[in-house]
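Listed after this line are the structures, all set down as structure tokens.
Two complexes are shown next, each including chain A; its partner changes from chain B in the first to chain C in the second.
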Partner chain A sequence: MGIQFDKVNYLYARGTSQEKAALIDIDLNIDLNDFIAIIGHTGSGKSTLIQHMNAILQPTSGVVKILDKTIIGGRKNRDINIVRKRVGLVFQFPEYQLFEETVEKDIMFGPLNFGVTKEEAAIKAREALKWVGLDQDLLQRSPLNLSGGQMRRVAIAGILAMEPDVLVLDEPTAGLDPQGQKEMMEMFYNLHVNQQKTIILVTHDMNYVAQYANRVIVLNEGRIVFDGNTWDLFANYELIKKYHLDLPDITKLIIDIENKLGIELDHKINTVENLAQALVQALGGANHVR
Partner chain B sequence: MLDNIKLGQYLHGDSWYYRLDPRGKLVMSTFFIVIIFMANNWITYLAATLFTLIIVLSSGVPLKYFYRSIRPIVVLIFFTFFLNLFFYRDGTPFPPLNIIINKIVVIVYAILVVTLLIFRFTKVIDRYIIPKIFKYSTLLFILINVVLCYLIKYTHFNWSFQWIVYKEALINGGYIILRLILIISMSSLLTFTTKPTDLTLAIEHVLTPLKIVKFPVSELALMISISLRFIPTLLEETQKVLKAQTSRGADFTEGNIKDKVIQIISLLVPMFIISFKRAEELANAMEARGYVPGRKRTSLRELKWRLVDTFYVLSFILLTAFFIYFRK
Partner chain C sequence: MKPIIEITDLYFSYDNKNLAINNLNLIIYEKEWVAILGHNGSGKSTLAKLLIGLLEPLRGTIKVNDKILSQETVYDIRRETGIVFQNPDNQFVGSTVADDIAFGMENQQISREEMKKRIDKYIKKVRMEAYLQHEPHLLSGGQKQRVAIAGALAMDTKILVFDEATSMLDPQGREDINTLIQELKNDGDKTIISITHDIKEAMLADRVVVMKEGTVVATGKPTEILKDETLMKDCGLDVPLTVKLSQELKKYNIINDIYVNQEDLVKSLWEYSLIK
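Then we have the complex of A and B:
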């Protein structure tokens, strides 16, 4: 189960002069109930990769297995629509997909497309709105008159109402204020913990990667160049440098402290509290400080 | 889905034709469409063909691009040709092509029936489902067949019709095909070798006399160039929204008409919102940079009329003179 990529290649603008390989020999195995971050530079193939996860794009060659559905590259695959119910894909700036007269109707659009009855869809809309932390009295408002952050939450609720097992998010925090970003990430983490949703997150912000992801996939020019534990990546400075990745703020701080004070700290520390404690220990002054 | 739409036909390159003044090119390409209708015998058509060939070959644009722009209207070209064969009713008959039409009808009909049946059955085998033979459309098809057979057998209507092709119709049809190809080649050449911005600049210059009657020429030109600029951007946005709605289970290829309408709306509403938003942003950006409608603006690119352009125009006038002298 989960999502498996087997030697997946994808060519853009096939058969024209601008033909370009967006994905090259991707082998990937995504287990359910995981929290995975996908990082890489603009044009590294992140978006193309995640669009294969709900069969919006189909491989030029290779095989993608999405849950129990197999998508074979270079062939016409039938009945793939059902995959999209189980793998919810939230695009960048999803607020642009809102179109209905009321928030309720917009959230119901997804479930209704997958054959849920109107009554059930309405119940799901209510629940989804709760998950994204919005008030129920928004249901009858027009989604186009909400604030930017609210619009994005409604759009995400529209995906959640389909009750997908896997949630794929393409830079969900882009363009939000810092507080909104934090709330948004907390929301996804809660969905992951409380509802056992598999989360696949595309982001540029290493702080969120450090804070939430168990596993990181680094893409570069259409190839997977790193796939493994989050802290193994941030400990691998050569790789970070080679692919011009950023470090989480906390890791940068740890390195700064190490250089300034000439001590050694654990690089896997991921909260300020833990860092403070480690510092106390490293400086051997626990008794004095307290 | 929208990958294959190519906008702006401009091809990068450099030759004397590229360097011509866009005003001359624009006006002469239009002029060519007018004068080509003066040609009506083999010598004038030969002259027009040679003239176009010389320009096309020396322009440095690969011939395959001309073929590509003619390809979409091949059907139209042949349709006009056959229409001409059918309705031209004058002159000397051309026996090899004169046919009793009902024989053809029967043959075409038989082929149609066989392919339809094969198509149906292979589809059935392909999908491993209960034969679709009893579907409504098939029943209707069989019904029509039975009725037709009955009519052919039991009515005394005369089913043979002599279709006469005239020699003049054939020649004329050939001229029509040639004329269409020449027109398309010349106008394609204009868009292949002129940047959209230069083209709008040329339109602005050509329409300048209309300013006397208070026609907003420069505004129109600006509108054209803005539209051209935003077509690819909006196409890209459409694709994004299309993918987002597909992710929400919208199926733009299957489903009944009612579902389709809702799904198209789910694409149209976001596109309207995005377009209005972009328009507002652009308007603000233009105002911030001091754009005032109707105020005289200078242009970054100044068009320069050179001797070559004069020769280019003269060549068209010579062609016209040739047409006037040699046409029937």
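Then we have the complex of A and C:
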């Protein structure tokens, strides 16, 4: 039981001159406890796809099964609210949506909406704040007086407080500085490992895809054009070229070295330490003379 | 080289308690491309706002083209300095791309004929001529930033400031803007200040200025600054992958230097493979 898409199509601006197919014949099976990256160019349908994962958008045709809830395209589907508690969707720049007077109230907003008591919501807010690595002192502060990175964490805590099984993240590191980006990604990885959250990450950064995702889905003009193992994607140069995808920085460096030195290296290497060792080996051992 | 911006003992605070700019001194020379690097909250965007007189310093002076920035000179100085902001959605006023580029010029009473000429010239420069009559809000992020750059160029300023202009764009948009900045640099008549935390962008500049806690902590060539891991980490930044690999390879005595530039690193490896 995870999230399944069965022949899902989605039309934007249906029946107008602007009508456009945003998703075309999407078949997809997402297992719980996975870490999946969704990539593709701006306009390829990534945001439309993830908005189907918690029923913010419903298919024009086809079926989406979200955990135990079935959503049938072209019909009015009832009682889908509960899905939004179990699949938490973090939009791009979620800090723009903070609105309460205090951090605590903002984080409690979601749980309260799903009918937990005030006391319980307050406990969940404290927990969630811990998960995003923020100090409890911030609870009574106005979210609008925090730094950009802190605000984003508060917004994410608001989603986590609903205790979703699946966390869908739309470019969660956009606009953060390198340190902030790294911390944010480590935080999601920890939630994945320690809280068994299923993570679905939309990103343009292939370094994160290489570092964290087990599986990658590539979208192009509304269709899935690749769905599989991360390193199988990065080894598939035809596909990479055809869809103008980027490679992780380390893979680009490996290819550069191979071409110039006329040697072969393992393209699945993803740390500098391993790359250095592979180079030492390829070049005939460490140099003790120089 | 002639200084075009001279900042002396600059202080600024948003709340009269914490200093966002804390004793900052910096000289920027005519026609150089300076990248100002720093983590979020280091004061880089505050500095940009001070430079164009959107904020007023607590103390200290900013001299632009030999004029001290003050309430009397701020409008003159804004004619010397164009700025492109981070968020492509927050800087449009016109209902079409052409109107939008015209907006800044209208405020400066430039003749209609001259306006037309400039719009035509700069829309081509940013390769958006096919979109002149489009509504700005229907463009992609990268396209919006290109229009914003055309608008800034149309003001014919000596100085251009890019305040994290690429940080909200996808890789394609980012590359387009960086290519455009490089072209402007090569044209040779602008002083370019790009405020960024993107190391790849900083690598393209003539000079890097690193900011931390509201002041300048280092300045130098990208190849010198970006290989200083202690400095970069201390400032919440990261070193390029090439630097990390150089450090590892040095342990095995395969190379002797730390390389920022990928081409240089690969070349050094190649030379090693020849003698081995």
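Throughout what follows, the second predicted complex is superposed on the first by the 285 of 290 C-alpha atoms of A that agree within 3 Å, B and C clash if a C-alpha of one lies under 4 Å from a C-alpha of the other, contacts with A are read in each partner's own complex, and residues count from 1 in each chain.
Just so it is clear, contacts are C-beta pairs under 8 Å (C-beta built on N, C-alpha and C of every residue); 3 or more make two chains touch, one makes a residue touch a chain.
Note that the coordinates shown come from a computational prediction; the quantities given were computed from them, not determined experimentally.
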{"item": "Partner touching more residues of chain A, whether chain B or chain C", "value": "C"}
{"item": "Which superposed partner A:R84 touches (first chain B, second chain C, both, neither)", "value": "first"}
{"item": "Which superposed partner A:P178 touches (first chain B, second chain C, both, neither)", "value": "second"}
{"item": "Touching partner for A:L265 - first (chain B), second (chain C), both, neither", "value": "neither"}
{"item": "Partner chain in contact with A:A276 - chain B first, chain C second, else both or neither", "value": "second"}
{"item": "Contacts of A:N54 with chain B and chain C, given as first, second, both or neither", "value": "first"}
{"item": "Partner chain(s) touched by A:I123 [first = chain B, second = chain C, both, neither]", "value": "neither"}
{"item": "Residues of chain A at both interfaces, chain B in one complex, chain C in the other", "value": "none"}
{"item": "Chain B partner contacts - residues on chain A that touch it in the complex", "value": "12-13, 51, 54, 56, 81, 84-85, 88-89, 91, 94, 96-99, 109-110, 113-114, 144, 158-159, 162"}
{"item": "Partner chain A, residues of chain B touching it in the complex", "value": "3, 237, 240-241, 243-251, 265-266, 268-270, 273-274"}
{"item": "Residue ranges of chain C in contact with chain A within the complex", "value": "38-41, 86, 140-141, 164, 167-168, 170-173, 197, 199, 236-238, 241-242, 244-245, 247-249, 251-254, 256, 262, 266-267, 269-270, 272-273, 276"}
{"item": "Footprint of chain C on chain A - complex, ascending", "value": "41-43, 147-149, 174-180, 182, 204, 244, 246, 249-250, 253, 256-257, 260-261, 263, 272-273, 275-276, 279-280, 283-284, 286-290"}
